[in-house]
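For reference, chains read A, B, C, D and E in written order, and residue numbers begin at 1 within each chain.
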Amino acid sequence: MAPLLNISDLKVTFHADRTVVHAVNGVDLCVDAGRAVAIVGESGSGKSTVMMAVMRLLGRRAHVSGRIEWDGQDLLALPERAMRQIRGRAMGMIFQNPSSYLNPTKTIGEQMIEPVLFHRIASASAARRQAVQLLEQVGIPDPEQRLRLYPFELSGGQLQRVMIAMALMTRPKLLIADEPTTALDVTVQAEVLVLLKRLQRELGMALVFITHDLAVAAQVAEEIYVMYGGFILEHLPAAELTQRKAHPYLRGLLGSIPRLDGPRTPLPFIPGQPLDTARGLPEGCVFADRCAHRMSRCAQRPPMIHVGSGHRAACWLAEEEVTQVWP
Amino acid sequence: MLRFVAQRVGYMIISFFLVSIITFWLMKAAPGSFLELNLTVGGVNAAAQSINVSPELMRALVAQYHLDAPWYVQYWSYVWGFLTLHFGYSMEFPTTPTLQLIARTFPVSFSIAILSVALAVVVSIAAGVMAAIREHSWLDASTMFVATLGTAIPAYVVAVLLALVFGVWLHWLPVIGFQGPRYYVLPVLSLAIPMIGSLSRYMRNSIIQSLHAEYIVAVYAKGGGLRDAILRHALKNSLIPLVTVVGPHIAGLMMGTVLIESMFGLPGMGQVFATAASRRDYPLIMDSTLLYSVVIMLMNLLVDLLYGILDPRIRKRGYAEGR
Amino acid sequence: MAMTRPRQATELARMENLVKVFRTPKGSLVACDHISLRLEQGTSLGLVGESGSGKTTLVRILLMLERPTSGRVWLNGVEVTRLSERRLKPHRRLIQFVAQDPYSSLFPNLTVGQNIMEPLRVHKVGRAQERMQRAMELMERVGLSTYHFYAYPHELSGGQQQRVAIARALALSPQAVVLDEAVSSLDVSVQAQILNLLQQLKDEMGLTYLFISHNLAVIRLLCEMTAVMYMGRIVEYGKTDDVLHSPSHPYTRSLIASIPSFTDRGVTPLPDLSSLAGERPSPLRLPPGCAYQTRCPLVSERCRAERPELREVASGQCVACHHA
Amino acid sequence: LPVTAAASADDKTSFAMYIIDDGHGFDPGIISWEAYQDSIGIFEGLVKPGPKGPRPGIAVSWTHSKDYKTWTFHLRKNAKFSNGDPVTAQCFVYSWQRAYSPSTAVRDGGSSALTNEVPVVNGAAIRAGEKLPQSLGVKALDDYTFQVKLERPDPNLIRDLTLPTEIWSAPLDPKVHMFKNDWMQADKIVSDGPYMLKSYTPKTQAVLVPNPYYYGKVNLKQIVFLYSASQNALLAYKSGQLDAALLQSTDIPAVKADPSLSKDLHFFPTSVQYTLQIAPSQNTTLQNPLVRKALMMAIDRKTIAEKVLQGAAVPAYEYFCPTWLDPWITQGAVPYDPAQARKLLAQAGFPNGKGFPTLVIRVPQVGQPDVVAQAVQQMWENNLHINVKYDGEEAGQFYSTIGQQLPANEVGVVQSSGNFKYPQLLLPQSLDQYLGTQYHSLYWGYLPPDVYQQVHQLDTNQSLDPTVRAKKEAALYKKYLPKNVLDWINTGVKAYQTNDDNLMKEFYLKHEQNVFEFPIYTPLEPVLIRSDVKGYTPNDFLLTVPPIWLNDITRQ
Amino acid sequence: MAVVVLVALCAGWLAPYDYQQSDFMATYQGPSWRHWLGTDGLGRDMLSRIIWALRSACIVGFGAEVVELTVGVLIGAWAGYKGGWIDNLLMRFVDSVYALPSLLFSIILVVILGHGLWVILIAVSATSWVGMARIVRSQALTIRQMGYIDAARSMGASTFTIIRRYILPNAMGPVVVAITFGIPGNMMTEAGLSLIGLGIEPPTPDLGTLISEGQQAMFSYPYLLLGPAVVFALTLLGFTFLGDGIRDAFDTKARS
């Protein structure tokens, strides 16, 4: 079966006055229908940019190249009108900061029915009824009342649910969630995650979940892509996260997370600064200058190397591991 | 909402008294002010002669302003007279009750001011939207250049040019007098054109700013286009800052009509006022100042309410702190 | 470890029956509700609780940035509740403050060096030369290269900014530092570096922290004691390990269950929805009785009627729950 | 294309005229220097002006006693007010008494009518409040015979009564309650002229229509006055909204350059004078006649009139009397001669202007800065090498500080003006009257500075009864003015009392030597009138009203 | 802009003639080599007069702005930072001044205080400082919420120090923008005042007077209007563009 979304060699550069930001540098990413995929990485690693490129929401300053295949058609080649048919209909998107992604001067009801109106799927009143239903589904009590409220009258958790419900108005095949819980409390985060997960399963949607919290990614997704400096460094099944991590970056990340049960010794951490993609790209491995296992080979950029079923890593060490374990 | 209005009205009352104190004090400090006349020695006749009014009028003024009493009594009689619509007597037009004078002239000025603001707002919204849609295009650049030029040309120069074109060359519109709607056109245009300049620039910037907001990204993500983004979202939101600048414009206009009125010979308040000021018709100055202030305050209140209508955050949060 | 080091328990700060009510257009909001807490030298205190539970308000009152509606505050044994700003100034040196958003807490118009020297300037400590020297020392101490001395805050990364903020807090050699979500906005690897730095400073300089965080795993690293807040009230208080391992309040339990975390057995699973049911009450209209009643699985008639007081359930562990 | 509503240019039954100001409405009892609308056809007096001088108005004939002190007017029997009431001799008695009575004389912000120009018996006393209005020397001998008794002989009475300022002498309907202030409104006013007021919006426009009860024929169906700032006049004329417009002097070249307009351009004489009066100062430099003559000689009045004012002025030689009326007045003219001026100044002790105090020109500023004062300032500086300062002040401020003494290091002149037609009208009526109130500013330069201080204190003493003040001031002047000046004023008084032309001429010709002022120019009004408009006579008396008697106007 | 200011500063050297030197032989002359922009009714060189007028305009523009800035910043910062009843009181005062018809107010001031540069400065800034006060106040209100103000307070900095050292420098963005828009605004107000005869004392030239004199003569001598009007418009345009530029600069800084 062909994947729902197939991104290959996606490159995005931003041209601002005199500087060029290499935000995404050849990303391959694949989402099958109904699957939950997480993209993890530090701030600025290009996670959002990848998915904004998929939605073609990057604006004029961005140069996008590569191939984004959606249901067999190349999105990058699509005219804007056709793209608009896909946006918000087949693909929904929710964002980190719901309060700034909702217009403060319109009621959430007016905004929720917009996807339906834009795509002329149903009448406004039908859309409204659907919105009520969806709000109920995402666990907002008293939905009819709430439709008449303005974004600032709801709490962050509730707004995030509204965003989710809004994205679901058109029953999309793919839901892109860009750090939907980062701004929320742990308890609220748990609620939203549970909800997302449940809806994804119930509706059989594919989910791309962007986060910088590895634990959350592991909880939500089945596959995880680890991004760094606009590259995918590792792609692995979530279950393997604590068992087999090939890339030193992912190992470093996992190590630096404080744990509820670990020793109270100083935490290991990745030294140095994340890659500044505005300063040009290194010749070799993007992680090399922070890597404890750096070797001479790292001056060459490592390709994605299979380390197991559904597990690839862009690291020469992985190659060694593979040859050792699976000769 | 109601609470807000009540609070603002409360503020207005405070401001009203402050304004009245300021004007009263200024009038009293003015050289040769009738409020400073000494009535005990020369009597009413002497006082009347010294400010060149009839004894009759002088007596009326004494009665109205209690000129023989201490300043606070005078002040209060002035304010109270205003509040109860027993305006003072004009020295310049004693044969017409001031209230009647104002009732006749004020609507003219007011309607000119309001019409020109309305025109300016409508035109600049259109121009701003146009320029914003085609940001950085030649259309944008030229529209904005013309707009900026508009701000730099004073209204009275615009007035002459308009009169020249529409009155003398084309013979379409009358250039002086006041006999009907046609007579409004040139004055309103003269006032509106410089305003259109600044407002459309403002509108453009604020629409562009709104278009960069994150909720617009969300509109696109929902499958909407530029049209939806502007008409459904950006326009309303960028009207909010526009209201902020229109407010002062209205206030400015209430006086700005003076020149235009005298230019086109309109029977407006501005003319009455200019005459009052130049002839030192203090009672009329005092009353019209206060009247203008009240109008300006009401306009500001209106602007604030408009804010509430446009921005539910303000409306619903009870118009809390600041602005 | 700090906990094991014997040290005489001197009280740095004490709050008694603090109440803070905010008047809002929609009614009054009780942000802190009869809170009593002590901060003792050498015993760092962690404060957890969900957004809007009043943590920041509490420390703002402690720092005298806000006056309490009622209740009293002592700093180093002196009651400061009603002192004027000027009389307060000497007491301010003892407790310094590091906020969540490092960028907004640094003076944007001053260089890094000036930022660090600012407290010295305000308190007229030393001459310009000495202050500069001290600032350089501090920068090294928090792991900043002195090459950043003349940089402006916006030229630094988030982690570096937080280091500047910490250096600035240390400039006056305080006894205690209040950290309001000081690491929440940072990426994990940077967060780890800052946490290490804080741990190190604590050990070497004998600092005491009042540490606010959403993340109990972080608090566990730095604080001996933990207080859990809910809707302006302290619902649980005790040794960090006790709170973490044998939480007595249902809220604490749900909090811990919600934390996504790695353990040796893998990632914690998502909690099941039933433990998350219930709606948060509006802080403007708290129900009588227990504030947690709307979400509590154990809720009973008593919880709806009677407000549970904080009481000791095990040695050193206090809980405000009728069912504990 | 829609043609403007205001195409008055093409409507032959209507006439639209441009007016800067409307003064104070239409009450004939009030003088407004800016405009005298009621004198142009709304009211009609005993006599009315005509192209060749006075002609019968309501009075068809008149006789006078030998000594010119008693005048008897025979009224026409068919004259009616606009409400249909007949015009009778009682109406004249009524209006004359009203004009003289102090309780009704000053009203509506304007000055009271200039009744003192007609020396009716007891008139002055009534105005001073010493006698009752009923004692005025006027009488209705019967319904259609009106008699006036004068205190002094006045052979010019008829001529004077046609002056626009004497419109107070028009009859009023005693049945109309004129003490109510609103009687001048268009729907209430009752008048006896050929036209009556149809509508009136102050400062905007007034529309006149024929008075249906008028005894004679009325030429036009409608007359419109439009009021506006003068910068708009040319525009409005060009746009066809006006048939007559008063231009600004700066528009003249443009009009002359336009062949279709230049034939409509007329210059109307006025009786206004622009002068500079010497201001009181502690410094007595200007008391030296040599200095004053030097200053006078250094002003090139011809250039001012022709260049600066674009020909809309004629050089002025005498404060009181416009030159085109009485050629004899130029006899005393001082020519422009800078070399001689410098010589005189050197004689006075200021060679090449050295040591001359700062000369301040004080100007009341209404609207734009005064360009003529600036020109004079330049001429004095350039020709005499003295330091001259322009000091414009807001008009009210100016008038309230006009009498303040300048400090010892400054001398000054203040801009002033006069507006008079017949020299006889301005003769001093008595020494006390002349010195006590009206014209003493012309003489204050003769007073020692400290005495001037006393006068000024009297002037500004609000608590003093005006009549007492006048008496005290007159006493000071009488005491301190040089004898030759007092004698000279007495000449004027005698001329007034005897109505002797030679005495009057003597008085005015010596004026130049005896008063402290420099006449500069007399303005000409540049007026555009459509060529089809006929029958107007220039009104040389006032600034803003070109045609003098509207009923003579016709359009072909 | 710099050109305008430079021209204004160097008026004395740049102007080919004395601004009040009249030549009665050469009144109302069109532009020529001798007089680039012609001469006026007194034969004064228009170019020199315009140059000197720019100087007056700058003095009023900048001078009034200084007055405005001082008063506005003091009141605005204090009200905004202190909040509470102080804010309320000051803002009611600000409201009242705002409600005064400004032109009238200027007229009255000029009437009472007489002519003179100072009076014009006061008259021009008398009501316009309100705008500045509001801007500074709203800035102070936002800045007050910033973390660094808490930091400063917890260090024990005094109110005055906080306002001077932390609030004002950071409030400067919109203030600078307001200044660049305020200066041409003041020039406009001043021109308006001189239009009704309340401007700077002649013979010192001033743009408003030159324009309105030019307007009177526009049919006969159009260059008398064109010269000053174009210069005036260019000056205003210059300031407006400068303001735009500065605002954009601050905007991008705020965004990044």
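To be clear about the criterion, contacts are C-beta pairs under 8 Å (C-beta built on N, C-alpha and C of every residue); 3 or more make two chains touch, one makes a residue touch a chain.
Values in this document were obtained by computation on a predicted structure and should not be read as measured data.
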item: Identity of the chain that, by mean CA position, is farthest from chain C; value: D
item: Result of counting contacting C-beta pairs for B-E and D-E, higher pair; value: B-E
item: Rounded Å distance, chain B centre to chain E centre (Cα mean); value: 21
item: Where chain C and chain E are represented by their mean Cα positions, the distance between them in whole Å; value: 50
item: Geometric centre distance via CA averages, chain D-chain B, whole Å; value: 39
item: Interchain centroid distance [CA atoms averaged], chain A/chain D, Å; value: 90
item: Multi-partner residues of chain E (at least 2 other chains); value: 111, 196, 212, 215
item: Multi-partner residues of chain B (each touching 2 or more other chains); value: 31, 160, 280, 317
item: Of all residues in chain C, the ones touching two or more other chains; value: none
item: Chain E residues within the chain B interface of the complex; value: 80, 92-93, 95-104, 107-109, 111-112, 131, 137-138, 141, 184, 188, 191-192, 195-196, 211-212, 215, 218, 225, 229, 232-234, 236-237, 240-241
item: Residues on chain E engaged by chain C in the complex (per definition of touch); value: 146-148, 150-159, 161, 166, 169-170
item: Chain A-touching residues of chain B, taken from the complex the two chains share; value: 213-215, 217-225, 228, 232-233, 236-237, 240, 310-313, 316-317
item: Chain D - residues contacting chain E, complex; value: 231, 234, 248, 250-255, 257, 300, 303, 307-308, 310, 365-371, 374-375, 377-379, 382, 390-394, 396-397
item: Complex contacts: residues of chain D adjacent to chain B; value: 1-7, 18, 25, 27, 102-103, 105-109, 111, 181-182, 184, 201-205, 226-229, 231-232, 235-236, 238-242, 366, 395-397, 400-401, 462-466
